[in-house]
Each structure stands twice: as C-alpha cells, then as structure tokens.
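Sharing a structure, written as structure tokens. Questions coming.
Order of writing sets the chain letters: A, B, C, D, E and F. Residues in each chain are counted from 1.
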C-alpha cells in the first residue's frame, strides 16, 4: 500500500512537470506574438517563421544531442522510455525502489520523459530571446543555422556546468563556488541575451534607426495588441517556468514552495509593469505601453533566479527595481547605437544579471546551498564569456561564409518578400 | 465644365457632402490625402524616441460641374468646410475639357 | 503513512488551486483582447495599457492591504510563507495536525500562498470589467487611481462580508440570510459592473454615439478576431474561475463536484452563445458576432453563482436565457443613452444579478447551506449599494480634482496619442 | 486508509481529464485564429462566427444526444451526476467498490462528468476541421445546420464503433479486426476531413481561385500572425488531446505513458514544421510560413493515432514525413481544383490516414491489442465511407433546400457583409 | 497633351489596364478612392445599430497621353470598364501643359 | 497659377519636401498611389501559387503655385527625386484657374 502512495506521488510529480512544461512551451507563442507586434508589418511574416522554426529546431536538436550533452542519457533519447529496465514491469519496480530510497520527503522521483519535456522548452526560450534582438535585418537561414548550434551545443554545454553541476572544462564547479540560479535568470535569459548581443554587434543597427546627428529615430511596431498578448502569454507561461523549477510538488514542503513561487512570480511581474509605466511617464510624459510590457517581463526575469525564498514584499521590490532598470537599459543601448528592436538584451541580459545578483539577499550561502555574491558573479561571467564567445564565433563564420544581413534593398522592401515571398497583412498595408 | 478640387479636414466631409448635394451636385469622388502646410502636426513617442508626425490627415474631393454653378459651389463649400482654425484647406478650380459617363457614353453636361 | 496521504492530498489541492489561479490570471489577457478588439483603432494602445496596468495594480494592492482586509493575515502578506510556524518543519507538523482534525473528507487543507494566488486574480477580474465600459473616453491616470481604491479597499470590504462571512458593518450577516454566491456572479461580476456603471454615469457617452434625433450610431470595433480570441480566453479561464471555487479537489465528492462545474460552465457558455446568435438574427436579420460573444460570456456569468448543483440540462437552459437577456439589456442601455462600448454592464451586471437569482432553483436554502430568493436579493442589493455608492464617490472626487474625461479634441484624435503618444496600428490606419 | 488512496487516485485522474479537456477546448480558439488568419479580411467576421457557433453547437448537441449515442448514459446526460447512486454518499461507496475491483493498477476510475467534458471537445475539433475547408463561400446558416447533424449524429455513430467498440451496424467490430486509433487521427481528424471533402465537392472552388488556363491563383490570407497564433494554440492544446487519451495518469505505468505522449507529440510537431519549411523552400525557393504551420499540424495529426509506443526518434521521423506529405497533398488538391483555403483536408485527412497506417510499425497486433495494417485500412475505410457518405447526403439536401453557397456578388463583396453585416477590420481595409 | 482621369469599379481595373496597354499606353497612376453618385451604398449593422455605408470603393486612373490618341483611349476605356450597371464611372479629360520624366529630364511627349 | 502634379518613389518624399520648402513653397497635398510603367513589379508566393504584384507603391504630390516659380520648382523636384533608376517618376503641370483658402476666403495667390 505504501507502494501505491509512492505511485501516486510519482504520478502527481510527473503530471506537475508536464503541465509546467506545457506552460513553458506556450511561451514560444508569447515570444512570437511579442516580436510580431513590435516589428514593422513588412518584416512580420519572417519573424513569425523564425519563431516557429527556432522552437522546432530547439526541440529536435535537444532531443538529438542537447539533452545528452547536458544530462547524459544517450543521443536520440534512446532508452528514455524504459530507462534501462527490461520492460514496463521492471521499470515500475526500479522506480519504486528509487522512491523508497529517496523517501517520501526526499528528492522527487518522476518520469524521465517528463523531465526532458520540461527541459526542452527552456532551450527554446533561450533561443527565442535572440530572434527579437536581431529582427528586421538578419537573414532567415543564417539565423536558423545559428539556432542549430546554440540549441544543440552552446546551451547544453553551459547547462551541464550549472544545472547538472559538472565542472567547467574540468576547472571549477560553479555550485561549490556559491552559484545558484533557481529557474534560469542567468542560465536561460542571460545566456540568450549574450548570444543576441554577439549577433547584434556583428549585424549592426537597422537602416535609419540612428540619424547622422546621433539622434535615435523611432521605428514603431506594427501591432501593439499582438505585443500585449505576447506579454500576457509569457506572464502565464512563466508560472510553469518558475513553478516547475521547484522540481517537486508532491509533499507539503514542496507544495508550499511551488505556491510561493507562483505568488512571487506574479508579484514581481506586476511590480515591474507598474514601475516601468510610472518611470517612463516621468521620463517621457506619456504612458509608454511597450515599456510597460518590457517592465513586466523584467520583473519576471529578475525573480527567476530565486522565486522561492523572497517574501512577497521583497519580490515586489525586486520587480519594481527591475522595471526601472529595463527602461534605463533600453535607453542606454540606444545611446551606444546597439539596436535591439524588442529590448531583449535589456530585459533578459541586463535584468537577468540583476536577478542573479539579488539571490544572496534572500538565499545566502549556507552549509546546505544558497548563493554568494562572488559565486553569482563568477557564474554570470562564466555564462556570458562562454555563450557570447562561442556565439560571436559562430555568427562571425556565418557572416563570412553565407552572410547574416539582408541587402539594403531587401531591408527597405521588407524581409517578408525577400525571405518568405509573403506579406503578413497583404490587405492592410500598401505593398 | 470645371473640376473643383477641394482639400478639407476629414471630420468636415459629411457637412460638405450634404451642403453640396443640397445645391444639386450629385456626384463626388473622395480620397484620403496627407497635407502639409501652415498647420503643424503632432509629435509621437516610441520607447523613448520622439518623432514628429508632420503630415495631417485631410480629405480631397473632386467635383466635376458645369461652369454656371461653380461660383455658388465654391461659396457653399467655403461655408460648409469652415472652422476658422488653421488647416481648413483649399479649393482649386481647373478647366475640364471633356466628361464621359461610362455606363451610357453620355458626354459632358449629361455625364455629370 | 497516513501522514503521507495527507501530504499528497495537500499537494494535490494546492496544485489544483495554482492551476485554476493561472487560468484566472489568463482571463486578464482575455479582457484585454476583447476590449482591444471592440474599441476603435485610435483608442487601442490606451485600453491595452489600462488592462495591463489594472491587472498589475490589483495584484499589488491586494497583496499590500486587500487580502488583509478581506481575510486578515497582515499587510504585505507577512508570514504567509510560514503561517506562524517557526520553520518549514514546524509548518509541516501544523499542517498535518490541521489535516487530521479536518479529516480526509473534511475541508481542504492547502497552501496559504496558493489561496492568495487564487483570490488575487478575482480582484483583477472585477476591475477588468470596468475598463471596457469606460473605454474610449476616460483618462488613463484617473482610471488607474480608481483601480487602486477598488482593488485595495472597495472590493476587499465587500468580499469580507460575503466569502469571509463577516457581518456587514456589524449589522447583518449575508450567509445567515440565505445568500450564496459560489464563484462570484455577484461578488465579482455584479460588483465590477456596479463600479463601471457609476463611472459611466459620471463620464457620459462617447461623442457621436447618440444622435440628436435620439438615434443610436454604430461605432464598430476595429479588430474582431482580437475580440473573439479574448472571448475564447475568458471561456477557458472560466474553468479555473468556477472550477477552483469548489475549493477542494482531492476526494471523490469534491472531484465529482469540480467535474460537474467544468461541464456546466461549458454548457452554459455554449447555450448563451447560440441563443444570443439566434436571438440577434431574429431581431437584426444578421448573425451578429459581437452579440454572440457577449452571449457566451453571459452564459458564463449566469452559471457562476452556482455551477455545481444544476443538471447539465438546467445549466444549458440558464445559459440560453442569459444569452437573450444580454442582447435585450445591451439594446436597453443604448435606449437610455448609457454608453458601454463592450457591453460589460449588461454581461456582468444584469446577467450577474440573474445568476444570483437562479441559485435557489437548484440549491435551495436548507439546514446545511443553500440560497433563498430574499437572501440573494439582499446580497445583490448590499453589493450594489456598497460598490456603486463608494465608486460613485471616488469617481466624483476624481472628476472634480483631476477630471476623468479627455478633451473633445483628444477624443476625436484618439486617446492613444494624448495618453500614450503611440498608435496601436501605425501602418494600418491613416493617423 | 486504502480507501483514501483510491480517493486520491480518483481525484487525480479526474483532474487530469479536466485539465486535458480544457486544453482541447482551447483548440477551438486555435482553429478560429488559424482560419481567421488564412481567409481574406472580407470573410473574417463570418469565419469567426462559424467557429464560435460550431463549438457551441457541438457542446450542446453532444450533451443532448451525441454522448448517449456514442457511449449511452441517457439524453441530456441525465443522471451523469449521481450515476445511478441514490446520493453523493452512496456514489462514493459505489466508486470505491469499483476502484477496489479494478485495482490500483487497473483501469482508471474517474468522474463521469470529466469523461464527458473530455469527450465533448473532441467532437468540436472534428467540426472545426470542416469550417476551414469550406471558408469564404459557404453560407453561415447552412453550415450551422450541418454542424448540428455531424456533432449530434454522424460523429457519435462512428465514435461508438471505434472508441466504444460497438459492431458497425452489427456487422463487424473494428477492434477485433486489429484497428487501433489512440487519440483520433482517424476517428476525429480523418472524419472531420471526410465531412469537409464532401462539402467542398458540392460547393466548388472560390471564384477566381483557378484560372481558365488552369493556373492556380494565390488568395493570400489577411492576417498571418493570427494564423501563427492559432497554430501555437493547437500545438499546446494537442498535449491535452493526446496526453488525455492515455485515459489514466495515476500510477507509474500510466504516468510514464502520458509523459511519453507529451514528448512524442511535441517531437512530431517540431519535425513536421521543419520538414515542411525545408521542403517548401526546395520547391518554391522561399520559406513559406503557411506551409510551415501546416507542417507542424501535420506532425501532430500523424502522431495522434499512436503517440505512446514510438521512440522519440520514430516520432520525429513520422512527423518529418507528415510535413512532406502535407505540402505535396496541398499542391495536389489544387491541381485537381479542390479548393481548401486552409489546407484542412490535407492536414487532417491525408495525414490522418497516414497516421493510422503507421500505427502497426510501433504497436503491432498482439494478443493484448495493437493494430494491423488491414485493420487500420478497414477502420479508415469505415470512417471515410460513413462520414463522407452521410455528410454528402446532408450537404446535398441542404444545397437543394436552402442552398449552401452565397451568391457571386455576396462572394465578391465578402460574406461578412451578407451574413453578418459587420466588417472584421472596418478601419484597415477599404470596405 | 491631355490628362485622362478615369473613375471605375475596382474589379474592372485589370481589364482596363490590359485594354489600354494594348493600344500602347505604357504608364498609369492608380489610386483608391471613394465615390458618391447615383449608385447607392449598403447598410451595415453593429450591435443592433444600423448604419449606412454610402461611399463606394472606386479606383481612379490618371493617364497622361498625347492629344492624338485621346479619342481612341476614351473609347477603349469606355468599353473595358463597361458593365451597364449604375456606378460604372466617369472619364474626365484635362489639358496637360507640361510633362517631365524625372529620371532623364525628358520633356512632354518623350516623358510619357 | 499652375498645379504641379508629381509622382515619385515613396522613400524620396522627405527629400523632395525639404527641397521645395527651401524654395519657399509652403503647402503640399500628398497621396499614396500605385504606379504602372516601365518599372516592373515583384512576384510573391503563397502556398505554392506564384503571383505578380505589378503595381508599385508611389507617392503623388499636388502643389499649387504661382506661374513665376514653376520652372525653378520643376528643376528642384527633378533633382530631389532623382535616383537615375527606372521608376523615378514624373512631373505634370496643369493650369489652375482659381484657388481659395477656406479659412480666410482669400483668393488665388493669397490662397497659396
């Protein structure tokens, strides 16, 4: 009968992973809508194509080699179904033995397939961050080529050092140095932003974005309801992103932890939205919707590194600070002519770093885990150096070999025609 | 015959249409245009970058009529489109040499 | 081992609250899309900004004081994490003791944080109702100021009298009088509509909506696919709204109840959509999509006061009646020149009242609960008087102090430019 | 205490059905957005109206008679709440007895209401497939009349032969012949496509689609971001569609199976998207977004007949093949002048058949179930003949009696004006 | 030179274009316009409120040509745009004093 | 007075506007048009079906001016709109018989 309790625990934890995974998968739609809403009509079909394709590529590449690199288990996930057991019966026995050993309050025991499913959608998130930053000027196929490398190699390597606790090239182990990143402010968001930054630097700004006189020209997004929808989708999906990262639901402690994560994630996002709205109002005298959306996302990214230990008040404060940071960061990047149409580098990179650095405040280093400022710095540096460096190399090779930027005419005409031969809104705009 | 070309503020379209149909003009061709002139546009803001939207939405009316009613028509339009604020628009009059109604092939005055 | 069963029950019920809460949070996106689709293009950015901001404000205000006013527990939710226990260990002990006392079939024992998360999204729903009714003419910042008061004070007070069973100003207790509102037809929807009505009366109709000759002019919404998407989102989210309101899942009885709620909620919405479609066809000779959408929402609002006791047939009938009521109500409000661009007052107010009044049919007053017609009337009156009264006062002060309506030029130009400085569809319309 | 374990198992399985059902309900929104995005602006309001109405009709008709025809249980679901028990108490007893008999590892015991809820959304899916294929030219009310018959009779009959194992008109039992369709590649998707094909054949192509010289003219969809959103929604909802079809979660074996289904469903969709994108690029030299979306859906349809037995690698390969098939099929149907604006017949029909035929590869016929090629063929034939035949008859009668096609002027003006009197984007297009 | 201004029903655009290119006219400038005239619009309905959409979508063609071919051109257009139903549109002819091709600076006939 | 009608490539609009305001022309009316001419359009693709988008987006400027500055204006525009690539556009000049400023009733030269 105790066995049946373990079986229920196994089933509940597996279900929890699957539902959280489905919510994170949903974030792919969120990024697509956000980016489709913030680019010009003439570049919309192409950004949509990129988003659908990058999600698909991430899923396949991680399945083929990525998961194996990050956690082992063989390419093509061979044997994920039976996990070495001879048959389903034997598997149940093995699982029950594992559960008994772990103990009811111990580490979660759940389906490997559900673990993969929950992990794979994180890879896609990291890649989604890139597409927004390089939008409206990068060639479709060069972008997809990069996606193959990032999702199949760059991210999995970095993931193995962090969430899988392997030593960085056998040199040092981040966990031992007091690095902790609960759901991936650094491992996913800063990583994605680092890859994006490398691409943007090699790509250059959109034509007409920066005037000769150094003034910044506005390039308004074509469809703000879409962008708002995308933000709400991301907000919802984030409950799975952070909530699932507790990695266990089915005991009182874990359930409480998951609930706190939902609460804090929502509070940080709300605070980020409000502070960005108010701060932008003070700066610009107007209620800037796009900044408000970025503010909500900034709150989410900031809390992601540690959503379980802050009090609701702390989560609110962290989110509010993130909302201010993201506005300043977006303005700063424009000052230095780094053109990021959707603000991805600010939201996921700058705020991702902020998120890592505030972990020690609520989860200081102790015997049983936690984070230290130095540890967070080293971790952030490791992630940035690795992802930025390798990405820069890959972008560079792509630039030399097949080129990464569309021609000036293509950019003027819009990449929808040149890359996809199809308009996103054929009846609403004048060809 | 003359062709009267009128540029007005969009929200005046209905008033003008009614006014001129009252004096018996049955047909008009209307198009949306952007105007530049003394009236200045507004500034918009996007993610911290300000920009000047200096064209103004206007509506253009093309009305072909017989010479005799041109004067009255111009008066009528001037009244109907008037707000007194800058940007009220213009009336331009050209000479129209020939007019044809496609449906009937009728020419000139009969075509209007 | 029994303890572990309680732990599983606790975890499952907590998870159930969190998932239902996430679905209700999703409704915020639904209201945003519905309203963005039903206003004109020139007022779209502003309605989106209002919706994002009001959701964020609701989350923060309810966290700061609202939850405390409604259920106690201290401002800023301090101590929600440990609930008075010295540490996690002690908390587990306390919870298990609580569970043992309640008994397996007794009241649900679940995480406080999950309770807050489930409650907070209801506040946002009430506030979302307001934004639609005052759309296209109310000033952004006055609206947000009102949102602070409603979500931080007006709603929590009313909630404490109903769902928390406190005496209304110490005078009478609604529960004792035979008032019952399962998921909030009155407490959430009628309340939101009452606040909206107060605002609309002080605000007046949109310029050009009502001709001198008393004829009603159409002001078509700019993007009906958005409005339809919003309705589907609300429909989906409502499963969490009603389903979660059973407040317990993890025993056979509760599970059956949750399942019936899902079934009836869906049936009522479907019936409402069809009856509104057919009824509008009879009246107007056309298939009016927007009325059909309102009909589905009307079905949902009507069943919300009691989705667990009706038979599927009853739920269908109730929904169908609601679909007819909402069409008539929308036409009636136009007759008396109360201008509600999205029909929120009809859908949530008029039908919300209808929902309350049909509860006694399937759940009559008995020794162990239920509702009486008089009780429902008194409850509805209490909610309306309180929310309408206080809201009217707040709107009135705002009107006098900072003004609640944009200028005529701003209204003509569109509030997107005046309030947000940004167009929602810069390339699709001729600014 | 054992009883409580059964109670938890019951609750967890019921919850699993409800959540999966909610995800499938969400697919209704997906079809709506996909179709709204792929038709021209002038036919958008009407396709939205059709989608909302058909979902509502499916829910009502299946509640009234459909479920009874398919699984019994009485019209109007009378007694679904108590399932014959005298009261809730008795019901609990009956359920526990059932559970004890089934045994913890036996068939799932869960709420009947949750079963209905999970089943009803499948009917709606089948009907949604039809609306896309007949878009832009079929009369609204004729379509809805057909929806009543399909969801109330045609589908339930076919469902009773397959998922309920009844003999086809008492002649032969598909299960015995080695027919297996896990989640409905045939029972839902091929069925919907068969009904659609019958309609399209009687309806004819959209005016201007095929030139006299036999050339195919492009009729671009008006809103590709909407179409992309719709595809993501469907992708997400499919986790409920396939994941819920395991029919049990709450033991280790079942949980593993559900997890594999999530994993394989996602892999097949991703592979379908990529292969369609690449294949279309090779054929057309452009990255065709709409084909990529169809490819993802094709991958989903293909894996639906058996998502639990393939290895991740097999699922990926099946999805990739489906992505190629769908592109070829769409081109082929255009060659023979069968006009399907959204490619529904190819995605759900042709690929649905493909999905059925590959089941024996991973789940061959054995003593305890599985599928044989012959069995799959017979099953597919049975479904097609029945659904196509009856649908053709119904469409034919409708054509003769009230007509199924709008007039040429109406088609030129757009059905939004003629059927709904309302434009979907009144400000974006020139009436 | 003359400038021919033509108002037609949108779905006739392709026919007219082909017809006039057949008689050797290479260039046209087209714009979307709204027409008011004898032909009446349709009514729409929104949430119970009816409203009259009384403008009709039309297409306007501007064609600059040499005097000699004006007559044939007018005939050709009249045929190509003809449906016989009310609302077929109009042809207006003005005098064109000067024409310049920006790319080459060519003048008048060479510019067309 | 004359009316100058100019067809140019859209992205040249700002250059042309600046150029002509420099020579003191204060008002312009602009509209979006589609051009057919020597310059050829592009092909698009949708679900396997190719199609030719053979109109090209152009911008049309209408400028009413006094006779004396017509020549300079034409030169200025020709320069400002020039790219040398096919499709640069045209300048057409008509006679304008009367002009009225609605706001003031001013006539002709005063109205411009």
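Throughout what follows, a residue touches a chain if its C-beta (ideal position, glycine included) is under 8 Å from a C-beta of that chain, and two chains touch if they have at least 3 such contacts.
These numbers were taken from a predicted model, which means no experiment stands behind them.
*Asks:* In the chain contact graph, what is the shortest path length, in steps, from chain D to chain E?
*Replies:* Counted as steps through touching chains, the separation is 1.
*Asks:* Name the chain pair with more contacting C-beta pairs, choosing from A-B and A-F.
*Replies:* Pair with more contacting C-beta pairs, A-B versus A-F: A-B.
*Asks:* Can you give the whole-Å distance between the Cα centres of chain A and chain E?
*Replies:* Chain A and chain E have C-alpha centres separated by 54 Å.
*Asks:* Need the CA-centroid distance for the pair chain A / chain D, whole Å please.
*Replies:* The separation of the two C-alpha centroids amounts to 32 Å.
*Asks:* Could you tell me the distance, in whole angstrom, between the mean C-alpha positions of chain B and chain F?
*Replies:* Once rounded, the distance between the two centres reads 18 Å.
*Asks:* Spell out, as numbers or ranges, the residues of chain E touching 2 or more other chains.
*Replies:* 31-32, 34, 44-46, 55, 94-95
*Asks:* Residues of chain C that contact two or more other chains, please.
*Replies:* 1, 5, 8, 12, 19, 220-221, 223, 229, 284, 286, 288, 290, 421-423, 425, 428, in rising order.
*Asks:* What are all the chain pairs that meet the touch criterion?
*Replies:* A-B, A-C, A-D, A-F, B-C, B-E, B-F, C-D, C-E, D-E, D-F, E-F
*Asks:* Note which residues of chain F are touching chain A in the complex, please.
*Replies:* Against chain A, the touching part of chain F is residues 11, 32, 34, 42-46, 53, 55-57.
*Asks:* For the complex, give me every residue of chain A touching chain C.
*Replies:* 1-2, 5, 8-9, 12, 16, 19, 23, 40-41, 104, 220-225, 228-229, 231-233, 235-236, 239, 243, 249-256, 258-260, 262-263, 266-267, 269-271, 273-274, 277, 284-290, 292-293, 296, 311-313, 316, 425, 428-429
*Asks:* Across the complex, what residues on chain F touch chain B?
*Replies:* The touching residues are 3, 17, 26-31, 64, 94-103, 105, 111.
*Asks:* Inside the complex, what are the residues of chain D that reach chain F?
*Replies:* On the chain D side, the touching residues are 216-221, 280, 283-284, 286, 288, 290-291, 327, 330-331, 334, 343.
*Asks:* Chain E touches which residues of chain D in the complex?
*Replies:* Listed in rising order, the residues of chain D that touch chain E are 412-413, 417, 421-423, 430-431.
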